[in-house]
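Shared chain: chain A. Partners: chain B in the first complex, chain C in the second.
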Partner chain A sequence: MVMKQQNKQSRYRRVGTTSVAIKPGKSDHVFNLVVDLFLIVLLVIIAVPLWSTITLSFRPNDYIGNNLQGMFLAPWEWSFSAYKALLGNQGFLLAFKNSFLILTGGVVTALLLTIPLAYVLSIPTLPGRKYLSLLVVIPYVFNVGMIPTYLLVTNIGLIDHLAAIFLPGAISTYNCLIMRSFFEGLPSELKESARIDGASEIQVLVRIILPLSKAIIMTIGLFYGVSFWNDFFHAMLYLNSNHLQPLPILLRNILMASGMNEYVEVSAFGDAPIAAIKAASVFMSAIPMIIAYPFIQKYFTKGTLLGSVKG
Partner chain B sequence: MKRNCTRSSMLVTVVLLLSLSLFAQGAKEATGPTTIELWYGAAITEAGPPPSDWVGFGIIKEKLGIELKLTALPSNESDQDVKIQAAAAANNLPDLFMVRRDVLGRLVPQGLIAPVDDLYAKMPVRTAAHYDDVSKGHARIGGKSYGLADPGSIMKNEGLLIRKDWLDNLGLTIPKTTDELLVMMRAFTFNDPDKNGRNDTWGYGAFQEINNFEAWPGRRLEPLFGAFGVDGTWSLEEANAGLNVMKPEFYDAMVFLKQVADEGIIDPNWLSYKKDDFRAAWKQGRFGIMREQNAAFGAQSNYAPFDKNFPEGNWVIIDPPKGPKGKASIGPYTANFRIYAISAKAAKEGKTDKIVALMEWMASDEGYYLLGWGVEGVNYTKDANGIPVAANLPNANLAFSAPGGQTVTQLRNMVFYNGDIELYARYPKYVTETSKKEMSALAVLREMQTKDWTAQIGSDTLPIPNADLKRFYEQGLSEFITGKRVLTPANWTKWLDEFKRLGGQDWNDKGVAFARENNLLT
Partner chain C sequence: MSQVPGKKRGSQLARDIRRHRSVYLLLLFPLTYYIIFKYIPIFNGQIAFKEYMALDGVLGSQWVGLKHFKTFTNSYYFIELLRNTLMYSVGKLLFSLPLAIILSITIYECNKPTLRKMVQTLAYLPHFLSWVIMYGILLALLAPGDGIINDIIKLFGGKPLDFLTNTNAFPWIVIFSDAWKEMGWGAIIFIAALMGIDPSLFEAALVEGASSWQRVRYITLPSIRPVIIIVVLLRLGTILDAGFNQIFMLYSTPVLSVADIIDTWVYRQGLLEFQFGLATAVGLFKGFIGMFLILGSNRLVRRFGGNPLF
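And now, the complex of A and B:
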């Protein structure tokens, strides 16, 4: 028991071949306390708005308390009317489908374009590698701006196509450079032995590099996925047909609804309170990312850190 | 290496082509009828667009030879501006589109908009109902009218309301002057007007609702500033034209507001409330006097929570309080318009006549009822007075006022002009659920319109300050009220001088010149 307590409270210092317990000092306790407090504050900062949004989305129509009281509303007093209204709304389901198409199409296209580019840039013997890298970095530093991009999208006939949302941004320089660093960190012997065995560069990429790069692919895929899923601006700019509108546009429209319709007595979502609809739509639009993240999390830290230290 | 590069290029090309074909779901060009692309402002932003099988598409195609292609503009005005200006930069504006006036003012000099002066005569029915000299002048730039300015929201649709039941509980009468208002606000704050034994009420309730003609502290406090003759951003009186903040009376109004704030007789959350918070607060009985919009107060679903919470509660509409010099006003009012412009590209392609035919058809009985309320017998029926009502329908969910019926009336802002039929349909009489009172948002509106207002037609079109100046203005005034700056004549003068130096004087001069040039001064 005493030993157990000592293990809990002590750190160890190595002396020769043995470890000697070091009793934590006062400064350690203070440091730990400060860290704990900081993390608790951070948790509160993150959790309170999230919890507030969730409870608001379940708030019944006849609720009359203030927002603080609403956060402690008992679950048996919750109303699902906002979720029922959203899921029963064709526009919401269509927008969800469009967002899903953009997400999948975007992530697949972006990865298919980013991986080869990053791989090519990672080959040290590539002729003109320096200049090619410069060409990739220049648009990152000097963004061309909205109007030239709009003109380009218009001229290549992408206006009113879902592809307009992800194709212009299919290669992110930032993601490409992270991936390049990762590829550069892989042992060159693996590639060389494959080449000696007669593999082409594409075969090296597909058969040797990619199976070793699951972590970075998942991480960069997540980066792309989040940006395409949340992309409001390009959808607003490039999509005209109403049936192509993705979730962020609908979400924006819902959030802009004043809560008081000057013309008729109800909102487009029936009797559910508009504040609950707003909160529910925010929460539902975040669900795919909330679901996806735990599956990708194990790759995430690994993927972002792996390329950072070489040698 | 070269062979591999070629393969990589081919791979990338194939992926691109596949992506394009997979996601190419855009509209196809129609042949036969003239395609008119219309970017409209949705009546209910969160509801979807008219469905693809909407009966209106068929009628418009059959009777007018028009293939109508609809795009709902973003719900937020600044997003609308971005979308329109990006399309303008690519010379890709739609044929007909809703646009704000200041954006219109930027598009016209670029030659992207067609003038509409000649079109009014070609649309006699619509012109008679929708357009007058004021509306024609609203979209006039350089002597020509470049937009069809349809009536927007109803004028003078707000009022000053007071809790009559609280007054009765305290034995007070309706305040007529700012001094009496102060007495009443103190009593509402400190004398437990709702008799619940708790110190949980305030005299006045508000939130910061600011726009370009109702600068800080904004619309909800205009009745207090109106008592000093400085309601609204501008004064459009010929003899006194200019920014109100530069008038000596504005300082007096600030002193009055400061007193209200210092005494704690205004709901202290007024600086942080959003619209929804403010509206939840009066329904929870937090304050006893406010400026509110007729439907936000009196429409059935909006009044219901208050009715449930306070069955004995009773708001009455009062005259704005008179200030030291006998002035009183609920606030400034202007004429609101929704401008629809025709692109020069559409005019060049010979689409103007079709657009005129479309707009005129919308003003016909057929177009008016179809776009306004949907299909008779499906989305509405008419009552004995011929007013569309959401009653006796086979499927109540398809009623024009129900979620299922709202998509088919998304274009109603293009046909409504605040006529009697619309108002009766919009604001029907009803009996409240709990207190069984007979209510009508229309009766509320009519009463609100009888009160004193300050006419400032066109003040919403006056120049706006740059962002830095606007911030200086709003921050400075709020700091005087919150006590961060001490409100003394010397400090006020110093702040005003700084305001003028930073561009306030220039803003004032440009505004007055614009108002004079456009005959807005009275």
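And now, the complex of A and C:
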């Protein structure tokens, strides 16, 4: 019984419910109260900005109260006019499509480049492994900044190609090294026996390593996905044509627009309030991240990304 | 006699290479990628010592020695940029690190599973939002006319404030919004460390009659101290990165004197004013100092029992 209880509690040990029968003192009650209070206050602090943006996006056209009162507006009074306007707008749909292309193209390219490199770096008997590691780590340690990379992208003619958004970041050294530590941690007997049976390294990678590495590939793929989906800086630098603009650029233009403006024809979004249009486009841009989030959470809380520090 | 070991080593190498033949195939694309996208930029870094002319290219431009570096270190903005950069990176560290530690300990100590789950789920989420989205959220919160904060200020009869163009408010907005976004993510590493604490320590403390406060003070905090030290050291290694995307989204001309950091300045000089040589020199200056900081912090991390990535 005691054992069972301890097992149940072992992930989040609850000292107050261990087998030791001691009455909690007065200070323990105060302690628990302080802990709960802190977490509740924190919950409110995190939730309020999110909630205010969401309620703002559902603001009816003829609403007269201020934003503070708007947060308490009943859901049956919400209006979808801002979302209708966004989804009926060609520019918005195009930007969404561009972002989606960058996301998928970027994640596939990044994984196809990162996985083989991380695997080769993890082979302990590789001749010249030390030099290969050095080659990978040097650009990470010595960062020359944005201008030399900008010159490169310009010179190889990537300007105005969607690939310019993800190619400069297609191998993140950090992600690669996390993946390498994961591969190194896989049981070496499996790899060795396959090698003795005459399997080539490619076969070892595809047949043995990859099926065991779904979690890390998902995690790293999602990290890449988040960075490509959220990128606005490279898009701003490398994409000139209007029809190539991804969502973050459009969102930035919509947010910077104040009524009559030089960036976006806000009038193109129909009669929904401008503030509601802004908030709705914020929410729409975040939706893919919010959908992916539960899947990411499952992996990152396991600690796969904590390669840099042993807990 | 002396040839035998050499010959043996040679054939060993040949055998290794033959055995790893498919390795070179695996490395083909990643290494090509590294040479093009990581090493050509380092090669392009030479324009820090040149008067870069687009028509002459990187190689054809005239050498000017340390001219750009001198221009930078002698200019009035040198101190200002360095001060702002350090103000933001150190400020963020001092503010969000204790918050992340407190958050991890309260999550760990909380005995209400629903509350704990809710906090964990919601606190990690903002990390995945871009700074463009964050800017939209902050607008709904801080806008001078109709932001929530100003609604509250007006409710209590105060005067509304334009936070994002006010030089006194701006640094706090940067530090608070970063804490709001990253605090939960920063707590994960400490939560992982807390999970590793031996529960028998707590049982012993309970038997000895220690209060909850004493438990936190004498068991929990000392247990995660090595992780705290390592996190601080790793952050010190990137102390010159003050958060380009954040500042770039939030700053504007009225707050430039307190908002401009090295990276935003490099962006404006290089890509808006086309001072490629000067901008690259400043980037190189930052990269060079950053290199020593990262190597130093990695060495210290290893000394404190941590496991740096390289």
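Keep in mind that, in the parts below, the second predicted complex is superposed on the first by the 256 of 311 C-alpha atoms of A that agree within 3 Å, B and C clash if a C-alpha of one lies under 4 Å from a C-alpha of the other, contacts with A are read in each partner's own complex, and residues count from 1 in each chain.
Operating definition for what follows: contacts are C-beta pairs under 8 Å (C-beta built on N, C-alpha and C of every residue); 3 or more make two chains touch, one makes a residue touch a chain.
It should be emphasised that the depicted structure is a prediction, and the values quoted were computed from it without experimental measurement.
A.B. asks: On the A-aligned overlay, A:Leu210 touches which partner chain: chain B = first, chain C = second, or both, or neither?
C.D. replies: neither
A.B. asks: For A:Val120, decide between first (touching chain B), second (touching chain C), both and neither.
C.D. replies: A:Val120 sits against chain B and chain C alike.
A.B. asks: Would you check which partner chain A:Met146 touches, where first means chain B only, second means chain C only, and both and neither mean what they say?
C.D. replies: It touches chain B and chain C both.
A.B. asks: Once the shared chain is lined up, is A:Ala163 touching chain B (first), chain C (second), both, or neither of them?
C.D. replies: Only chain B; A:Ala163 stays clear of chain C.
A.B. asks: Where does A:Ile296 make contact in the superposed view: on chain B (first), on chain C (second), on both, or on neither?
C.D. replies: In the superposed model, A:Ile296 contacts chain C only, not chain B.
A.B. asks: Which partner chains sit in contact with A:Asn89 here, chain B, chain C, both or neither? Use first/second/both/neither.
C.D. replies: first
A.B. asks: Please work out whether A:Asn253 is in contact with chain B alone, chain C alone, both, or neither, and reply first, second, both or neither.
C.D. replies: So A:Asn253 only meets chain B here.
A.B. asks: Check whether A:Gly105 is in contact with chain B, with chain C, with both or with neither, and answer first, second, both or neither.
C.D. replies: After superposition on chain A, A:Gly105 lies in contact with chain B alone.
A.B. asks: If you count the residues of chain A that each partner touches, which comes out higher, chain B or chain C?
C.D. replies: Answer, by number of touched residues of chain A: C.
A.B. asks: Touching A:Phe38 in the superposition: chain B (first), chain C (second), both, neither?
C.D. replies: second
A.B. asks: In the superposed arrangement, what residues of chain A touch both chain B and chain C?
C.D. replies: 66, 112-113, 116, 120, 126-127, 146-147, 150-151, 167, 200-202, 237, 252, 275
A.B. asks: Residues of chain A touching chain B in their complex?
C.D. replies: Checking each residue of chain A against chain B gives 62, 64-66, 85, 89-91, 94, 101, 105, 109, 112-113, 116, 120, 126-127, 146-147, 150-151, 154, 158-163, 167, 200-202, 236-237, 240-244, 249-250, 252-254, 256-270, 274-275, 277.
A.B. asks: For chain C, which residues count as touching chain A in their complex?
C.D. replies: Within the complex, chain C contacts chain A at residues 13, 16-17, 20-23, 25-27, 29-31, 33-34, 36-45, 47, 57-58, 102-103, 106-113, 115-116, 118-126, 128-133, 135-141, 146-148, 151-152, 155, 180, 184, 188-189, 192-193, 195-197, 199, 202-203, 205-207, 209, 211-213, 215, 227, 230-231, 234, 244-245, 248-249, 263, 266-267, 270-271, 276, 279-280, 282-284, 286-288, 290-291, 294-295, 301, 306-310.
A.B. asks: Going by the contact rule at the top, pick out the chain A residues touching chain C in the complex.
C.D. replies: Listed in rising order, the residues are 6, 9-16, 18, 20, 22, 25, 27-28, 31-32, 35-36, 38-40, 42-43, 45-50, 52-53, 56, 66-69, 71, 112-114, 116-117, 119-120, 123, 125-127, 132-133, 135-152, 155-156, 167-168, 170-171, 174, 177-178, 181, 200-203, 205, 226, 229-233, 237, 248, 251-252, 255, 275, 278-279, 281-282, 285-286, 289-290, 292-293, 296-297, 300-301, 303, 306-311.
A.B. asks: Please give the residue numbers of chain B that touch chain A in the complex, ascending.
C.D. replies: The contact residues of chain B facing chain A are 1, 3-4, 7-8, 11-12, 15-16, 19-20, 22-27, 37, 39, 42-49, 52, 70-72, 74-76, 79, 82-83, 86-87, 89-90, 92, 94, 153, 275-276, 279-280, 283-284, 293, 295-296, 299-302, 305, 308-309, 400-403, 406, 412, 426.
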